[in-house]
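Each chain gets a letter, A, B, C and D, in the order it is written, and its residues are counted from 1.
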């Protein structure tokens, strides 16, 4: 058995590994937190849409040989358009403004997308191998797989872009205005429905990027997306619903918690760290680390 | 108004008589079995409805009570030899205790809305991992229940037995909802749902009412757990605490009609029927569920108040006619 | 309304249809297939598999294998002792849920089913076979690792393949043989298993059996389903420096683990999995490099059998992977057909008796005729297979081997 | 009946109410007036148990109720209404009032009878089966009043029940409040509409910037220079502030 000394020795590696994955978690959570922060809805279709993005990256690679990291250029805009359309002509229309109905519509959407994936893509699990899949970056105390390192920096970069978008552009200002005061925004002439749809679109675009970044170091099947959803919820709550910085920091914390928890408690019980953080943060500080106080 | 009420009473009675006769009328065990699943879903849905529909406390982890009850009676039987027909009371108690535990933590800290929904989700996940990691639940290996059809085991050698058990449970759940709609407690829950602060100003002890509600929901979920294990004879952490059941609970209720007596029953009936019919006609993998999902979205889109809303609207019109 | 004595089924049904909207939905869609006039010119086999939901891939493979067997049998003349009665598949979908699986049993019973084959998940198999037991309808488990399936004393349940109990034994024995043949270079094993019944149960047995083969289990690592990141596990394995890494888990985790071990430059004599979820032709062909020299213990066809080679060719020509689900499903149907043939009736008691005394040749599998003890075929056996040059070779036991084991594997 | 001493509350360093004391005598209509932001609603919230005071005590019928939960205070016989009406939107008027009536009985028939009686008293008989969210502003104000009344209070705290009503509606509600007082219920109200205050009150307290600046009969108050100053000065200041922020 491993003794404590050896565990301690592995700790730095575990922390770094946690940070690597945490960045991708953050990206998944980013979409969720944005949608929650502005539209106040919990998007149950999140996992299904992530899966769809991963399939997009997969087929772009298989049929056209497009590297998944480059595929971001195609998948992100497509995801935005899909998200925008889904909200503008789907979720927004059908939900009649009721929370419970939005929940059901997104749930129904998830069922349709997942099963359409089974129907069209089959339930076969797919993985891709890139020429650099097994290349690593040697930090001395740990090997980091090159795809994960690329994903890590790409995630950070995308978080930065999103932050700039939200805080520096007119669209971002409008989004923040709508998030803060719907009626007020409407009164000053902001097309609130358009902003809602755009926000949903941006949220899904984040998923598009996350799908492309995940594919090289994971697998995709019609249910893969759900694997990341509970984690994403936890991050959203931890970081504070609606907070971009919160999602990033939350992603790192959860990534490290999972990694270190797994090391200490074993990879089965170790998962409990995530739900414990989830419960504790809800009880002790429901606004999250960076959330606006109500 | 009076005639409307007595007519509704008659309708319910007729429905009950029909439900009792169904195993005699329908000579088809598949229908009986599907109806049993409908009743089971309706019962679980009603458990969710009391907390989510009446008290307005949406949960994404309703399964946690079901799983706790299922484990309680299974462990009582396996480790202490207590027959399930007694064990079900243990399951009810365990479910209620779980309700009190989660309720105390959540309501004490004033969690509402999405926050409450998410903490229940987190608790379900928490207990799934715990059940996976401790010995007395059988860990990941789970618990097998011996196949032994007899009344004391709550196992039956024909589907009608389970049907009647599920019917009994559903009728009890309907009576609980009926009582809620006519009692001070129920009025308090609804007031809390609509506006907690205003309710408190009018003398409603919101914390206590929510605690009672979550305990009742927990007790019902616990009973459902025993029913499940005695019918399907195996229990493991994903079955006990998986999100699928939580989703089913809220799905049948919202589709049927939130905060209504018959909402969960109507929702369960319609959704199960759609699933069975779609599955029958569409055999290609995935296709039936695509249709199911589309119909679900359609129901929400066209009937924002749930299926019960349809009947409601008609009834309101009739009530108006009576007054005139 | 209270009097309803001697009416026929049909009029009773129409009575219901006229009374409640509820029954109307059910009745008009005829999803129960009215149980009338049981024609004996077909023998109906109910197939219950998870064709939707997260197990849709193995579910679809099982359904495909079953239908292939039914087509082959019918082409060869059906059940000859019953005047050439054809087999007919009733397709069922458990949606991965025990309750749906059990409901499918009732549905098919109403449709006049004569035997079942299913269900992949043990939890579904347990619920469904118990439901079938009420009618004593024969139930052949095509895949289902839990030994509880056959140890409950249900007289209608039979399993052609092994449960994890006997597979663990076979896995240990074969590993011992391979190791000894190479001069016993391997001494230590790290087991990495998933957290449910399959992984936990098998891992526990391996812990008992491996020492008998002179191998020490230095660490048992349990992981969640799903596990998103195997970096830590790889690090732990690296620090233990074992000779054998033994994964016992599902496809997604199997592949992730293999990739991570490679990325982390973990060196060992062999990856030796038990019922390795991800080890199949797809894996070996698509990730040839990674798969090279990995070993799995599983139900595998006999690569030297002409029938097996032909079956593989047909399946692949159909664009499918020739996975173990196809063999077990195929033989599960053959097992039922053989029993009907010998019983010459569909009467459940007679068919169950015929199943219990079955001595069927498994044709393309590397073992002898079936020998049922309490519903479990004691004649079957799992074998060790290895990925070599983009193909899968049977390496142990040697009497069926198609290639020699590469063990220990050459350094990368 | 109600005795408040030294009540203070501040939010993030800003004092909303500081060291306020006042007395409400049984059987009277007492007003609490003052400009916007004077701390009236905060004071009410503390009295009714919705906010914990930083210091000071609230005595109701010689019982210390400081920091008690709202529902307990309601059971003791003191109930508040909300400045921004808080109807149970999806319930009917009758059901809304019944929630209040259930405070005194768990019997459904009795609660319903009481609710109907009170609806009649406040003039809502015609809209009993109407959903609360379909009521007019005046209707909602009445509903707020009716619900509170249904808890059978001995002291009724009314927070601006006349705001947003037209003069005719105001006259009607003034009438209703007087009748309530005549049934023996003490009324303590926050009001902006000066005319109504003059008309209604037996005694009035004036709050400005969280501090009690005057008290007396309505006539005394109306002639109190401090009060006039507070209202006008603050009003002027308010106007300037609004203009200033619009330019920013």
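Operating definition for what follows: a contact is a pair of C-beta atoms (placed from the backbone, for glycine too) under 8 Å apart; a residue touches a chain by one contact, two chains touch by 3 or more.
Note that this is a predicted model, so its numbers are computed, not measured.
Farthest from chain A in terms of Cα centroid separation is D.
Of all chains shown, the one whose average CA position lies nearest the global CA mean is B. Rounded to whole angstrom, the centroid-to-centroid distance between chain C and chain D, based on C-alpha atoms, equals 73 Å. Rounded to a whole number, the gap between the C-alpha centres of chain A and chain B is 32 angstrom. With each centre defined as the average position of its C-alpha atoms, the distance from chain A to chain C rounds to 36 Å. If you average the Cα atoms of chain B and of chain D, the two centres end up 42 Å apart. Counting partner chains per residue, chain D has no residue touching two or more of them. Multi-chain contact residues of chain A (touching two or more other chains) are listed as 115, 118, 122-123, 222, 268, 271. Contacts with at least two other chains are made by residues 52, 56, 59-60, 195, 222, 224 of chain C. In terms of which chains touch, the assembly is arranged in some other way, matching none of the line, ring, star or all-to-all patterns.
Inter-chain contacts, as defined above, occur between A-B, A-C, B-C, B-D.
Within the complex, the chain D residues that touch chain B are 48, 50, 69-72, 74-75, 79-82, 86-91, 95, 98-100, 102-103, 105-106, 108, 111, 147-148, 150-151. Of all residues in chain C, only 4, 9, 12-13, 15-16, 19-20, 22-23, 25-26, 29, 31-32, 34-35, 51-52, 56, 59-60, 91, 93, 97-99, 102-103, 106-107, 109-110, 122-123, 126-127, 130-131, 133-134, 146, 148, 152-154, 194-197, 199-201, 222, 224 touch chain B in the complex they form. If you check the complex, the residues on chain A that touch chain B are 36, 40, 42, 93-96, 98-101, 103-105, 107-112, 114-119, 122-123, 222, 230, 233-234, 237, 241, 268-269, 271-272, 274-276, 278-279, 282-284, 286. The residues of chain B lying in touch with chain D in their complex are 182-184, 187-188, 190-191, 194-195, 197-206.
Remark: chain B residues 18, 22, 24-34, 37, 40, 129, 132, 139-142, 144, 146-147, 149, 157-159, 228, 231-234, 236-239, 244, 269, 273, 276-277, 279-280, 283, 285-286, 288-289 touch chain C in the complex.
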